[in-house]
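Presented sequentially are two complexes of chain A, the first with chain B as partner and the second with chain C.
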Partner chain A sequence: MRDYLNWAKDILISARGQGGEARDGSFLELKNVSVSFGRLTAVDQVNLVIRQGDIAAIIGPNGAGKTTMLKLISGLLPLSQGEIWFKQRRLDKISPHHIASLGVTQVFQDIQLFSNMSILENVMVGCHVWTDAGFLSTGLKLPHAKAEEKEIMERAMSKLSLVGLEQKALAPPANLSWSEQKISGLARALAAEPDLLLLDEPYGGLMTSEIEKLSQLLLKLQQGGITILMVEQRTDEALEIANQVIILDSGAKVADAAPSEIQSNEHLIATYLGGRITEGGKLHYAASE
Partner chain B sequence: MDLSIVLQFFISGVNLGCIYAALGLGFFIIYSVTRVLNLAQGEFVMLGGMLTVTFYSMGVPILLSTLVAVVIAGLLGGVLYRGVIHPARNLSKATQTFLTVGFAFAIEGIALLIWGWEYRSLPNFLGTPNIHLGGATIIGQTPWVTGITLLVVTGLFFFFGHTIQGKALRACADNPLGAKTIGISVERMSLYAFILAGTLGGIAGAIITPLTMVSYSIGFPMTIKGLLAAFVGGITRAEGVILGGMVLGMAEAIAASLIPSGYHSIFALIILMAVFLCQPRGLLSSPGKT
Partner chain C sequence: MPASRAVEQPGKNMKILKHTPVPILGQVKKTIELRRTKVEHLIMALVVVLFLTMPLFAGPYPLAIMMDIGFYAIVTMGLILLMGQAGQLSLGQAVFFGLGAYSSAILTTQHHLAPWLALMLAAIITGSIAAGIGRAVLRLRGIIVSGVTLVLNLIFFYLVLSLVDLTGGANGIINIPSLSPVGVIPDSLFDYYFLWIVAFLLLAFSLNLVNSRTGRALRTMNILAGGGEETAQVLGVNVMKYKVQVFTLSAVYASIAGSIYAHHIGCIEPEIFGAHLSLLVAIMAIVGGMASPWGAFLGAGLLTGLTELLGGVRVGSG
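Entry: the complex of A and B
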């Protein structure tokens, strides 16, 4: 009974905010968010607003709390303090699958594809969040469920076409290259028809040509109305496509500005990104020397 | 050896294999999604049989009796998840597995109170007569057991392979974290897995009762048979579990001709040990999965 009460409470909280409080216009808002693991504070009193339709990039040194931030938003980690709001609904009190059903999906750094399914099936299962047909009607192949299965197949194929992987639809994930697996993970997330896409190091492990293609795809998704919040180690590439850049260090937000402002701030680059600005105005990192 | 005897063993082996495969699939479904070994699986078999007998004795037609019994067994699977496993979800999988033993004892005790210790039986479905084929005798219920099991297994493969809910169950079994972030409720899928396993157990119980009879105490031996099928074939793959069931069924049928009836189960355990020595994860288990 208590589980049902908690579940009902989740629904109420997410529907109207705690205590009925409504939030103003922001798309995603983190208010004073902190999380600690024992004595370690991984995210420290972060306030953040992401606007609808933007590409926002969280950058910073290793261990800055970037991935932890994404996990907090997608509900995979509980907050120690603070609130997270998405489209005027409070996220930090509800379960990850419910957050996904509100339009927030995450693509992991290590992809997490379902290894026992083909790529097409992986993307199809991404559609589960918007399906109506229940367990029984699906099992009994009732007309409504049958029509929905057809739509799922079509929509999954269209997502694979969008990312250019329709030729690999029937292959198992193990037969795909790393970059193809990454793109498949993205297609699966897109099948959920998200409003907000959380990407954990989307460029990680990709070659230059693949990075270029992925950047084009992300810009295309942005034009299609999807808001993107990415965590990225490859600062140059992130700055190139982002509208908003957030720098984290030791769990705290040290900058939140447009890419041009970040790129022109030598102190930020030298202190938090381990680089400097060259005479040509380009970023240069010590690690690349 | 006389061909008719070989045929008799074969039919008997396939029949037993079907039953063990159905029992093993119940373990497979729950284990895949929740990583819990449901040691109350045999109780669903017992309930499937007992409830069918009860409804039939009240004058309900046998197929309708079976249907109602199977639905109740399935719902009881849901009760096991909601009432026992879900509240203990933060405890270890070993603890959750032990809790299913407690549930099994509770069901067995209640069954003893309701039905007593007597064995009960049913006539063959729709009064199907025994069939004589090439010198072998096929008991009239055998085609029902084989046919219904094949139908159920085919249905399960279709469900898991071609429906979104089946794929969602497979996703939870493969990668619960990935499943959560694309909007699949792992808890709901776990509930469905228990209902499905209860339903499978109920079907097995109803269809074998005309062959083996049923009492309150058959749950535990059925649990052991299902576990053996699942482990011999490899609990991480449905095909493995079916193969495991068939291997066990055939082995028991052959053993029936070679050794006294009381030692059949020892034969099954010898097979289990032999498989574990050669293929510790089972005959067809997925590499890297336990």
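Entry: the complex of A and C
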């Protein structure tokens, strides 16, 4: 009964969001968002607007609250203060699975592929959000469930093909390289047909050639209409594909601008990106010295 | 790569991501089907032949052991769905086995319902109670769930002892009618075939479930299989709903086995449904393997066989 009450509450909140308050049409908006764990303030009064079709990158030092931000949007962590709106629906009052059904899908840093499923099955899980066959219809293999299963498999294979892993469909996750596992996790998220992808350190642990390949894929997804909000430690790679860069430090937003603006700000580069601008006006990272 | 690539018209190239048929899809489907059919059909054929012909050459004692294996297999199968698929460590299967047995016995001996109807009503009653318990217990996580469900065995035991008017207390309930239609075939033979047909139907149901959207959703919650509740939730799985549903389903399996058991034996008493039975069933699930419902038959067969070899006491012997 509680689930049904929650469901009804979710619907009411969504309805209020659609008609009750005038919104500015932004795709994703965080309003004065804060979250605290005891005395520690992980995210401190952050205001943020993400436009549809953009790739936005959140960067900043360790412990800046980057991953926490993603978890707040996907509903895995409750807000201490503020509001989160997505396509004119308020997210911070609804459950994570309902947020997923609205078109927000998160890919974790450690991917978390299911080890007792093939790569294909892992991606098929991603289709859960837009299918509805229940225990009885799947257990009895009713026509609706059979048709849905066929559609799920076709869609999952299509996503694997999109990311170039269709030949690994029947392999267990353990047989794939780290890069392939990361891409599989992305395919699983894509199977949910998301409007907004939340990526937690997508380049983590990848080699340069793999990063280049993943960047191309992310740009392809962007061209396909998917909005991407990523958290990334590898700032130079993130700056290359992002339209919008947000710098967080100690939970507070210290910058929110186009990459070109960030790259021309000496203070930001020196403080948060670990680099400097050379006399020729070019960006030079300390790491490359 | 350019520093910034603004998209002027989001979605205008949506065709890039549009679902397109994959050439090797047919090959993949065929490989999956072959994997399933090769192993499962072979085992299924062997088991069905064995089970059908068993009464022709086996005496009452081996048939009684086969009945025990059937009861255990059904209860274990439910637990495998709950523990092996969804990763919920429950030790309360004996409670639902007992609820099924007592509900059926009470409905037939005190309310004079037909055993068939009583069996179905018992499953509904047990399922409803399990859904209520599941909503409360499954908010907890991990080993705490197994601790709380283990305590349920004690609560059930003392409830049965104290509700003397309803359950007969320590004396239990006697003269429970058989499921067998009078005079068609001997009761024991009817019960044997009925139990195993039900077991195979539930196996087919379970296999369908495991290889479907629902089964995959259950596995996303299983920490032992690389899943977790956070991953499941961001993929759109309503974790609490699925946990309660599979808990209820496993209880219904146990209830059906309990009802058939009560009608087969004809009398029940509280000692049969103690915590030892819940622990035994959990061991059967672990020994048989929790990845597939087939593990229930393997675990039940191995442990029942071992118990017999070591001169233990069968469930059927009360």
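Keep this in mind: the second predicted complex is superposed on the first by the 268 of 289 C-alpha atoms of A that agree within 3 Å, B and C clash if a C-alpha of one lies under 4 Å from a C-alpha of the other, contacts with A are read in each partner's own complex, and residues count from 1 in each chain.
Just so we're on the same page, contacts are C-beta pairs under 8 Å (C-beta built on N, C-alpha and C of every residue); 3 or more make two chains touch, one makes a residue touch a chain.
Keep in mind the model is a prediction, meaning the values are calculated, not measured.
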| item | value |
| --- | --- |
| Joint occupancy of chain A by chain B and chain C, clash or fit | clash |
| Which of chain B and chain C A:167 touches, first, second, both or neither | second |
| Contacts of A:138 with chain B and chain C, given as first, second, both or neither | both |
| Which of chain B and chain C A:96 touches, first, second, both or neither | both |
| When both partners are placed on the shared chain, which of chain B and chain C touches more of chain A | C |
| Contacts of A:259 with chain B and chain C, given as first, second, both or neither | second |
| Chain B versus chain C as contact partner of A:105, first or second or both or neither | both |
| Partner chain in contact with A:192 - chain B first, chain C second, else both or neither | both |
| On chain A, positions contacted by chain B and by chain C | 3, 74-76, 95-97, 100-101, 105-106, 108, 112-117, 121, 124-129, 131, 133-135, 138-139, 141, 145, 148-149, 152, 188, 192 |
| Of all residues in chain A, those that touch chain C in their complex | 2-3, 52-55, 74-76, 95-97, 100-101, 105-106, 108, 112-117, 120-121, 124-129, 131, 133-135, 138-141, 145, 148-149, 152-155, 157-158, 160-162, 166-167, 169-170, 173, 188, 190, 192, 215, 219-227, 239-243, 258-260, 263 |
| In the complex, chain B residues that touch chain A | 82, 86-87, 155, 159, 162-168, 170-171, 173-175, 177-186, 192, 286 |
| Interfacial residue positions of chain C with respect to chain A in the complex | 1-7, 9-14, 16-17, 19-22, 24-25, 28-29, 31-32, 135, 205-206, 208-209, 212-217, 219-220, 222, 225-228, 230-241, 244-246, 249, 291 |
| Chain B contact footprint on chain A (complex, rising order) | 3, 74-76, 95-98, 100-101, 105-106, 108, 112-117, 121, 124-129, 131, 133-135, 138-139, 141, 145, 148-149, 152, 188-189, 191-192 |
